[in-house]
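Below are two complexes that have subunit A in common, paired first with subunit B and then with subunit C.
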Partner chain A sequence: MQRSLWKKLKKYKTFYILFMPIALYFLIFTYFPFLKGLVMSFQENRLIGNRPFAGVENYSLVIQDPDFLASIKNSLIIGIWDMVLYFILSLLFAIILNELLNKTLKKTVQTIAYLPYLFSWAVIGGVWALIFDIQGLANQFLSLFNVDPIFFLAQPYLARPLIIAMGVWRSMGYFALLYTVAIVNIDSQLYEAARIDGASRMVQIRSIILPSLAPTMKTILVLLSIGVLTHFDEIFIMVNPANRRQIGTLLLYVFETGIINFKTGTASAGATLVMAGTLIFTAIIRKLIKYDKD
Partner chain B sequence: MAKKLGTQDRLPLPIQALYIVVILFVVALMGLPMLNVLAVSFSTIAKSDAPGLILFPNPPSFEGYTFIWSFVNLAQPFFTTVYVSVVGTFFHVLMASLAGYILTQRDLPLRKILTSFILLTMTVPNELTMIGIYAVNRDLGLLNTYTGLIVNGMISGFSVFLMRNYFQGIPLSLAESARIDGATELTIFSKIYLRLSIPGLMTIGTLELIRRWNNITLVVTLISDMKKWTLPVVLRSILFEQTSTSGTSYIFANAKMAAVVLTAIPLVVLYFFTQTFFTSGVMIGAIKG
Partner chain C sequence: MKKMLCVLALALLIAGSPLFAQAQSEAKAEIKVLAAVTGGKDDAENKLFEEAMEKATALNISWEKVPASYDQVLMQKLGAGEAYDLIYLNQFQMYTLAKQGALTDLTDWISNSAVYKENVDRAELEKIQYNNKYYAGFNKLEVFPLVNVNKAITDKVGINLDNLNSLDAYYQMLKKVKAYMENTVGRKPYYPFFVYMPDIWDMQPWFSSVGLRRGVFLDANGKKYAPYVDMQAKPVWEWLAKLYREGLMDPASFTGKTGDMRSKMWQSQDIVMDSDWAAWTGLYNNNAMSSGTYPDKVNMVGLPGLKGPSGKYYIEQGGASLWAIPSNAKNPKEAFKILEYMATAEGGLLLSAGIEGNDYNVVNGKIEYTDLGKKHAKDHGAPFPISTKFDLGKLGTMNPGVLESVAIGQRADVVVAPMGYANGELDTRKYYDIMSKWMSDCIMGKTDATTAIKGAEKELRANKIID
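Up next is the complex of A and B:
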């Protein structure tokens, strides 16, 4: 008895030793940066030496900074449009794709739509640079209707739509794939029953497929709501002096303030506010869709 | 499965027609730009710079590729990216599966605390701790080093739980009997658990490789030295900041698109090789958040 207990303890000792590097990693590279950011948001902007505490000065600085306020607006517009469009367009696409009876064709269309999700935002930026060039695909298309060529990427009024469209182009196939898997998993007996009741295909879509997708829709909405205020990569790639005022998001502000201009205190205060904003936003979405009820 | 479909299982004809139009539209919207990029990358300088839509290179040419690879030296960031992605992914898979294995031990005291400890790391998106990550890496001397790019993201809660769930499908009796035969924990881990979990390992490996290859946020947070940039960041300056990368020479559209293709193609190839693992990973990723 005692022997086995001793043996057991010894066995566990190995596990704790094995867990040490893992714990160390998370402490140094996840927990500590989080806390450090929080602490820095209450400290003066200093690169070296000890940073005296500055109370909430950074926060009051940040919320009075017109650049920060503009980036809140940009983040909300780009983030919410992306969220809504990803959600609806991929749902529609998945439902329509499901009606394709030819398996090979279905798979091919799905793969083409999915492919951009594998690409880095820089690659998507390259695609955009080419098709929205003055001689690009978009202008070629418009010339069919006798529209004069537009210099798309230099038009401030087109900056947000183009960034939002970039996101949709990259992510629609991915989210459609999530819906497709849920559709494939629908119990075929439900269709059988509907058939016996004489339900047409349209009725089947409305009363079987859509309700069955409700849990997937909720998961995707929560997933998307976490990302609303954290758009960074595509902005970093596409931002230029002509579109900065339209597409400069919160995280671009944090990045430029903290890492380019070394105002770590101000940037951390901004990041902390974004964190709080994300928490509030996800909480609202969760509440609205009754995510935690079931 | 293959039930005969009656007329009632088909949509009314006008709607069917509408659906086909929508699908063709989406295929064109997704496919044409990709085809355009590919065709321009294989075109000659003269062709790629002339007006007119190119969907097929005529005449085909590697000019753009040789220019961007040797003259602009895309080779260097390409191999940098291969190095940090592959090495980083290797350690990531190893560490995540080790953590997953530890959390699989049902009777391990404090297991719940260890689980929550890892679970908690998944609540805050990485981008939001950018400044803290910068500061910590600076203090550790990891700024502008490849080690920094490899070490950050060495393990993630997502991969740990994916592996733990995978390991939970392996009967405990296998490990028990190996223990009776005197096998050490590390032997059991590597000879039984890892060997029986190849699809799971492939899933987190593929997802991590893609994540690392495409990573922008971490690279621009840690690396300010242009010579150490990875492909996506270099690609950005090739596309939008002519002067800083190539010095005096102008980069033509065919070379720019060659850079785009070279950044994207390794992942497309990887995708077609690991497709089955990949889709399963995508599913789990979505469910777990």
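Up next is the complex of A and C:
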């Protein structure tokens, strides 16, 4: 047994050597900090020196904190809406894009849609403020119809839709690109056969494109489900006193507890719960979409 | 040859001896400082600042100035076990870290320090005590935010600022300015007042009218209470809501940053009144002077706000910016020397005017600023040094209006005190979040003042911020 393992290792030694830097990278920069965080979540809040064991006190504090409970609700609402909209809109966009016959137009539209993904959230926040500020473009447009200015950025009922829309605007092009790559790889003979059989374009989309995209859809759904509870950057940029109740998410809670208040143990407990939640949510999604089956 | 070998052997023996090793390590001991705002303005100047500090203290110093996200860097570095001898921190962080046992107790050192005795006001020292102990020393003397009004505009409207003696007088002033700017100047819509809402910073000049202060205090029985959620504060909450309702408060108060507020104040004159540091009265005017708008378009003056029922103005002193020695510091005694130097008049000059030969030169006993020095506006971390022996006049001509604003704090009818930290127990972030949420609801008309005050009180209690 040991001999055969050694033989295998020896046989593929080049691959294992090539794999070493990646494995080391993840061990040092991902798993080690994760384990350290996990240990810290069971320790007292101390930045320097020995951290005495605190049992589950940090978890108890976090679970009883009304802000943490509110942030679970906000994270789920924003995260699930984002997941659903990213998934559907980017799919629709990719299919529509595929139908464009003019190659230049197709590439231009694709580039424009992809471009926001390259911007940092700070830039996106600035653009959003320019549009939705009280004296921004949206209100200037509304004033043409004698509509009173709306303070979009501080209206609680608009807070979540704006954050969700911001994410969709930024990421739709990226996910559409993933779909586009999959569409391009569909065997052209399938279309040809369908055309001979007299299938309309809509039938081709329904019977060829969508089924062919199933593996990509599954991958994208799993990727999106991992991000449901981890919204932070866009929230950090856009949060203000008027919309905090609606968009204060779990990671904002962790950031403020850990960084602003130096409560590393409590923040680690919060972060561990976020990770556990993400694992459970992703596992449910994987099960629902039968990710592991062909 | 033999002689040479003997000399070499002797040299090796000396070099290898513990005595030499100790002396060498002492000479090389590097005092590691982690700084936020204090130091040079860029890497090159920071090196010069470090050298100036080394020359003054005869220590080997590494002055690491963090250009951005200081709190995050501080947390990460200390959490990762990196040892610093001196760290910059604010008052809230000092309480938090002292509670965690992460800071060196400086009580004896400060109490026995001749430098601190000669240079630091006891009253200032009392403000940074935690459980009757000192865990930090000063970076600078904290001033206070106060009402800043652009007199260039109010003069054109015909307003006498001396008559701003009630909430209604402020309201009438803002209303007149709005009408003037919108109807005569043609800048529509014009929102004349900006107040930074995220930290409810700083509405104290108007809450002074009801004699209440920001933060959480302890009553005689040791119970925590927050004056701003007392029903006595209701007129101020209602006044703020009226300002917003009538378009007198800039909606960007909820979403903008202090940088936005400042550029609106002096650059575009999009607002006529805000609440800002006393030093900013001068900085506004200085900036306007550079762009040729002072004093015709911009002429900022500082006002103390409103008198309370006791006949006094209650102004809030800024939370102290401090230096502490972490409990894992390798050279705490040497670090304290730096702390002491910063408390001297000489250290104050370095932290304000900057580095001699770079920011200024002394000509005939007077400071003459270089172009770079002028650009650095006499601020290298401490525009107002902590030393009572420091003569502000030494810095040369001050920015217009600043001395008058600072002098407000020395008036007999003005009480300057820090916000309530509940003896270091207050979670300021949570307090700000809760208060700003409910105040925003009230100001934006989503709820009335009574409901908002009660809502804030309930939430503060639920979060154990008050008893």
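Operating definition for what follows: the second predicted complex is superposed on the first by the 261 of 294 C-alpha atoms of A that agree within 3 Å, B and C clash if a C-alpha of one lies under 4 Å from a C-alpha of the other, contacts with A are read in each partner's own complex, and residues count from 1 in each chain.
Simple rule for what comes next: contacts are C-beta pairs under 8 Å (C-beta built on N, C-alpha and C of every residue); 3 or more make two chains touch, one makes a residue touch a chain.
All of these numbers come straight from a predicted model, not from anything done at the bench.
A.B. asks: In the superposed model built on subunit A, check whether subunit B and subunit C fit or clash.
C.D. replies: Once subunit A is superposed (C-alpha atoms), there is a clash between subunit B and subunit C.
A.B. asks: Could you say whether A:76 touches subunit B, subunit C, both of them, or neither, answering first, second, both or neither?
C.D. replies: A:76: touches no partner chain.
A.B. asks: Considering only touches as defined above, state whether A:190 meets subunit B (first), subunit C (second), both or neither.
C.D. replies: A:190 contacts neither subunit B nor subunit C.
A.B. asks: With both complexes overlaid on chain A, does A:129 touch subunit B (first), subunit C (second), both or neither?
C.D. replies: In the superposed model, A:129 contacts both subunit B and subunit C.
A.B. asks: Return the chain, subunit B or subunit C, that is in touch with more residues of subunit A.
C.D. replies: Partner with more touched residues of subunit A: B.
A.B. asks: Is A:35 in contact with subunit B, with subunit C, with both, or with neither (first, second, both, neither)?
C.D. replies: First partner only.
A.B. asks: Applying the document's definition of touch, where does A:61 land relative to subunit B and subunit C: first, second, both, or neither?
C.D. replies: The answer is neither, since A:61 touches no partner chain.
A.B. asks: Quick one: is A:242 in contact with subunit B, with subunit C, with both, or with neither? Answer first, second, both or neither.
C.D. replies: second
A.B. asks: Counting only touches as set out at the top, which of subunit B and subunit C does A:264 meet: first, second, both, neither?
C.D. replies: It touches subunit B and subunit C both.
A.B. asks: One more residue to check, A:46. First (subunit B), second (subunit C), both or neither?
C.D. replies: Touch status of A:46: second partner only.
A.B. asks: May I ask you to decide whether A:156 touches subunit B, subunit C, both, or neither, giving the answer as first, second, both or neither?
C.D. replies: The second partner, subunit C, only.
A.B. asks: Identify which of the listed stretches of subunit C (62-70, 206-214 or 224-232) has C-alpha atoms clashing with subunit B after the superposition.
C.D. replies: 62-70
A.B. asks: If you lay the two complexes on top of each other, which residues of subunit A touch subunit B in one and subunit C in the other?
C.D. replies: Subunit A residues touching both partners: 129, 133, 135, 240, 258-259, 264.
A.B. asks: Spell out the residues on subunit A that touch subunit C in their complex, using ranges where they run on.
C.D. replies: Touch residues, subunit A against subunit C: 45-49, 65-67, 129, 133-135, 149, 151, 153-154, 156, 240-242, 244-245, 256, 258-264.
A.B. asks: Where on subunit C is subunit A touching in the complex?
C.D. replies: Touching subunit A: residues 71-72, 75, 78-79, 81, 93, 96-97, 100-102, 189, 197-198, 251-252, 254-255, 326-328, 427, 429-430, 433, 436-437, 439-441, 444, 446, 459, 462-463 of subunit C.
A.B. asks: Considering the complex alone, what residue numbers of subunit B touch subunit A?
C.D. replies: Per the stated touch rule, the residues are 1, 5-6, 8-12, 15-16, 19, 22-23, 26-27, 29-34, 36-37, 40, 51-53, 95, 98-99, 102, 105, 107-109, 114, 117-118, 121, 124-125, 127-136, 140, 151-152, 154-155, 179, 184-186, 210, 213-214, 216-217, 220-221, 231-233, 235-236, 239-240, 253, 256-257, 259-260, 263-264, 267-268, 271, 279, 282-283, 286-287, 289.
A.B. asks: Under the definition above, what is the set of subunit A residues touching subunit B in their complex?
C.D. replies: 8, 11-12, 14-15, 18-19, 21-23, 25-26, 28-38, 40, 93, 96-97, 99-101, 109, 112-113, 115-116, 118-123, 125-127, 129-131, 133, 135, 137, 140, 169, 173-174, 177-178, 181, 188, 191, 195, 198-202, 204, 219-220, 222-223, 226-227, 230, 232-233, 236-238, 240, 251, 254-255, 258-259, 264, 267-268, 271, 274-275, 278
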